[in-house]
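A, B, C, D, E, F, G, H, I and J are the chain letters, set down in written order, and residue numbers restart from 1 in every chain.
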Amino acid sequence: MLFKVEMKVNLPADMPAEVAADIKAREKAYAQELQQQGKWRHLWRVSGTYANVSIFDVTDNAELHDLVSSLPLFPYMDISVAPLCRHPSSIHEDDR
Amino acid sequence: MLFKVEMKVNLPADMPAEVAADIKAREKAYAQELQQQGKWRHLWRVSGTYANVSIFDVTDNAELHDLVSSLPLFPYMDISVAPLCRHPSSIHEDDR
Amino acid sequence: MLFKVEMKVNLPADMPAEVAADIKAREKAYAQELQQQGKWRHLWRVSGTYANVSIFDVTDNAELHDLVSSLPLFPYMDISVAPLCRHPSSIHEDDR
Amino acid sequence: MLFKVEMKVNLPADMPAEVAADIKAREKAYAQELQQQGKWRHLWRVSGTYANVSIFDVTDNAELHDLVSSLPLFPYMDISVAPLCRHPSSIHEDDR
Amino acid sequence: MLFKVEMKVNLPADMPAEVAADIKAREKAYAQELQQQGKWRHLWRVSGTYANVSIFDVTDNAELHDLVSSLPLFPYMDISVAPLCRHPSSIHEDDR
Amino acid sequence: MLFKVEMKVNLPADMPAEVAADIKAREKAYAQELQQQGKWRHLWRVSGTYANVSIFDVTDNAELHDLVSSLPLFPYMDISVAPLCRHPSSIHEDDR
Amino acid sequence: MLFKVEMKVNLPADMPAEVAADIKAREKAYAQELQQQGKWRHLWRVSGTYANVSIFDVTDNAELHDLVSSLPLFPYMDISVAPLCRHPSSIHEDDR
Amino acid sequence: MLFKVEMKVNLPADMPAEVAADIKAREKAYAQELQQQGKWRHLWRVSGTYANVSIFDVTDNAELHDLVSSLPLFPYMDISVAPLCRHPSSIHEDDR
Amino acid sequence: MLFKVEMKVNLPADMPAEVAADIKAREKAYAQELQQQGKWRHLWRVSGTYANVSIFDVTDNAELHDLVSSLPLFPYMDISVAPLCRHPSSIHEDDR
Amino acid sequence: MLFKVEMKVNLPADMPAEVAADIKAREKAYAQELQQQGKWRHLWRVSGTYANVSIFDVTDNAELHDLVSSLPLFPYMDISVAPLCRHPSSIHEDDR
């Protein structure tokens, strides 16, 4: 089941550089693990901004929440979620 | 080059049913043609709404405009566009 | 799987009264059928407005879309959807 | 009498972890007490966000304020309130 | 129990003058009846606009909805509702 | 002359408790003084929020500003003001 | 007593040209009459838009409403009002 | 003197095709005339939308209004205007 | 050439009182100097808020920026600018 | 390929003056280098604000992101991006 998730990062201006670097490193490792598992199917940068557009592929709403709320950057992001489903004009039976 | 395009359809309440049906049929044929060509890579319905989230894969901004403005539903849609690029945490060299 | 769905009705001012009455009658019948089936678990009026707050209980995003987009009032409503899941402070294993 | 209450939590980025943990523990205990009393009838997490959708069942506006403003997280939340009542299409005499 | 209700009137530009006059006459009669009953405690015009600020005094959310949705202008108004209660700094036990 | 004034309080999360308590005590005393004088005719809490809806009765715009900008909480509030006047459907010559 | 009034004109696209011309002619005559009386002290066009910024000088909120709601274009305008008063840094005792 | 002007076109859905074609033809001729005169220095389409971003080079605010309000599409556009000036980091003395 | 400039002041809650006092004193002196020169033609307080509505009379966009960006409070204000010109219904050749 | 990029600067009020000066100096040097290369084709100040309107001329979305996200002020700016293309009414084959 797919969801579009948009995340905008707002790190505090006074966060020490090494704290930010640590959070980002853990975020990257976790994001790549979820991609390897096929849970985080697409991850794109929005050009010119510190934001991304993502497509998650999860079992249900609960799993979506578990994955997203475990992101190391979760406390510092504005997040919007939209549930997706097959579009009647799609040529793909299962567009993931 | 990828773009996220979100389209929300607002057909006039007084549009005759056969006019609407014709526009929708042409929209579907055109959308499927662009998908076959690989220009319209993803097309998802936003659950519970008359709206979609799409990923276009085009040569440049001009081609994006040509494709989107040729949609039969173009005069009846609110459209927002976001340019996308590779995310540094993506595990895909070329995530399309 | 639960979703909060908020619907705000905007009937055109020039819709003939009998057309409106027919749509509303079909809407009511359909809404009650979905409630009987347990798909539409809660349906509340927002006091002072022509709007409702609803809780849907569906298998997945696709079923949510099928149910909501089949509403006779669907073309005349502003609809917003939020996916829900268990809250860690809830005392209910399965709060429906 | 029912109210939909939506709460979005914004803890300051520099709040010490033990202070946050204490507030959250007290919030959970209080939320569960109100649920036990039947005052806080539903409590759902909005998937992917640090926010909830709640249904309160109270005697009047004053009790709603007393309950909500006593939440330990109250100073850190954006809160919106909508009064609810029976929907004419509801199949429940008293949908709580 | 008090509610602040704000109403903004949007009559269609092409509504015949006598239809508008009839709706307004019925609106006025109904508004004055509710004021006589003490249900509609305050009714003020917002200077420079076709809008009002009102204070309703009702038994519960259901009565609020019954009264407001029966307004002849109801289909033509944007309405927002806020539940009110005693302010701790008020000098009135029962400020109506 | 009446004005609706809505005030939403945003105290800084790191304000020392005794400072906040002092400001609130002075705010309460001042609010009650203005109510005694008949300048601040109504003061209601918006249920579930740290906000109020107020009706001021002043000589002119200048007095409104003097009274509101002298509030001890003034630097910490989002404030919106709407000038009010007699509504043609009001049954009160002078609804205060 | 001064008020800033901003008016944005939205004439219906299908209003007959002679109806629009008549409304505009009456609007102009009325606007000039109010300026002659000193009630409408300033009237500026916002460059590039069908909108104006105005300063009204009236006895009270009621007169403001009487003047503005009598504008022939009143039913076709979005109007916002802000009460003004002397600024402590103004060099004018009475800046009109 | 430069201004950024953004224009979004909203033609009524029921405008006859030949009327729309005529307006667009006159708009194009006028736009090209202003470009030839150097008044409309840049004119870009916003990809995927019926909107443009323009840079006008005019003598003053009055000329800007004269030019923009004379556009045949003026009654059908949402227009926003921002005055521009030299940026201290620009390498151009006169960036037009 | 006239511009409407609206300024809303947001001083940081933790700014030392003497720092704020110094900025405000310099702001006042500078504002009065510009008024003496006829550059800042009108300066009004918006009643009930820490905001003003101003009319600037400048040679061009560049001078407007120089004047406004030199305000001691400039870093602490939300500022919006609208270019103004003669309104066709104004009775003043040159309404300043 | 052209993009309109709008940047609004929000430096923290408590940033030391020398830190701000250093960031701004690096920003200016980098902005001028990109202009020399023809990547940053236009850079205008929005009069009265700490914001700019820019036109970038880049190979693709990825280059746009590389350039913009490398700006020393990037962490302190609200940025919005719009992809541009040739307008059918433009008299320029290649309006840069």
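Here is the rule we use: a residue touches a chain if its C-beta (ideal position, glycine included) is under 8 Å from a C-beta of that chain, and two chains touch if they have at least 3 such contacts.
Since this is a predicted model, take the numbers as computed values, not measurements.
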{"item": "Path length in steps (a step moves to a chain that is touched) from chain B to chain F", "value": "3"}
{"item": "Equivalent of A-B within the choices H-J, D-F or B-H, defined by over half of its residue contact pairs recurring", "value": "H-J"}
{"item": "Same-site or different-site touching of chain B by its copy chain H, using the half cut", "value": "different"}
{"item": "Which of A-C and H-J has more C-beta contact pairs", "value": "H-J"}
{"item": "Inter-centroid spacing, chain I versus chain B (mean Cα positions, whole Å)", "value": "45"}
{"item": "Interchain centroid distance [CA atoms averaged], chain E/chain F, Å", "value": "22"}
{"item": "Cα-centroid distance, chain D relative to chain E, in whole angstrom", "value": "28"}
{"item": "For chain C, residues that touch 2 or more chains besides their own", "value": "2-3, 45-48, 61-62, 64-65, 81-86"}
{"item": "Interchain contacts, given as pairs of chains that touch", "value": "A-B, A-C, A-D, A-J, B-C, B-H, B-J, C-D, C-E, D-E, D-F, E-F, E-G, F-G, F-I, G-H, G-I, H-I, H-J, I-J"}
{"item": "Chain B partner contacts - residues on chain C that touch it in the complex", "value": "3, 5, 12, 15, 61-62, 64-65, 68-69, 74-76, 79, 81"}
{"item": "Touching residues (chain side chain C, partner chain D) in the complex", "value": "2, 4, 27-28, 31-32, 35-36, 42-48, 52-53, 55, 82-92, 95"}
{"item": "Complex contacts: residues of chain C adjacent to chain A", "value": "1-3, 60-62, 64-65, 81-86"}
{"item": "Residue numbers on chain H that touch chain B, as the complex places them", "value": "11, 13-14, 45-50"}
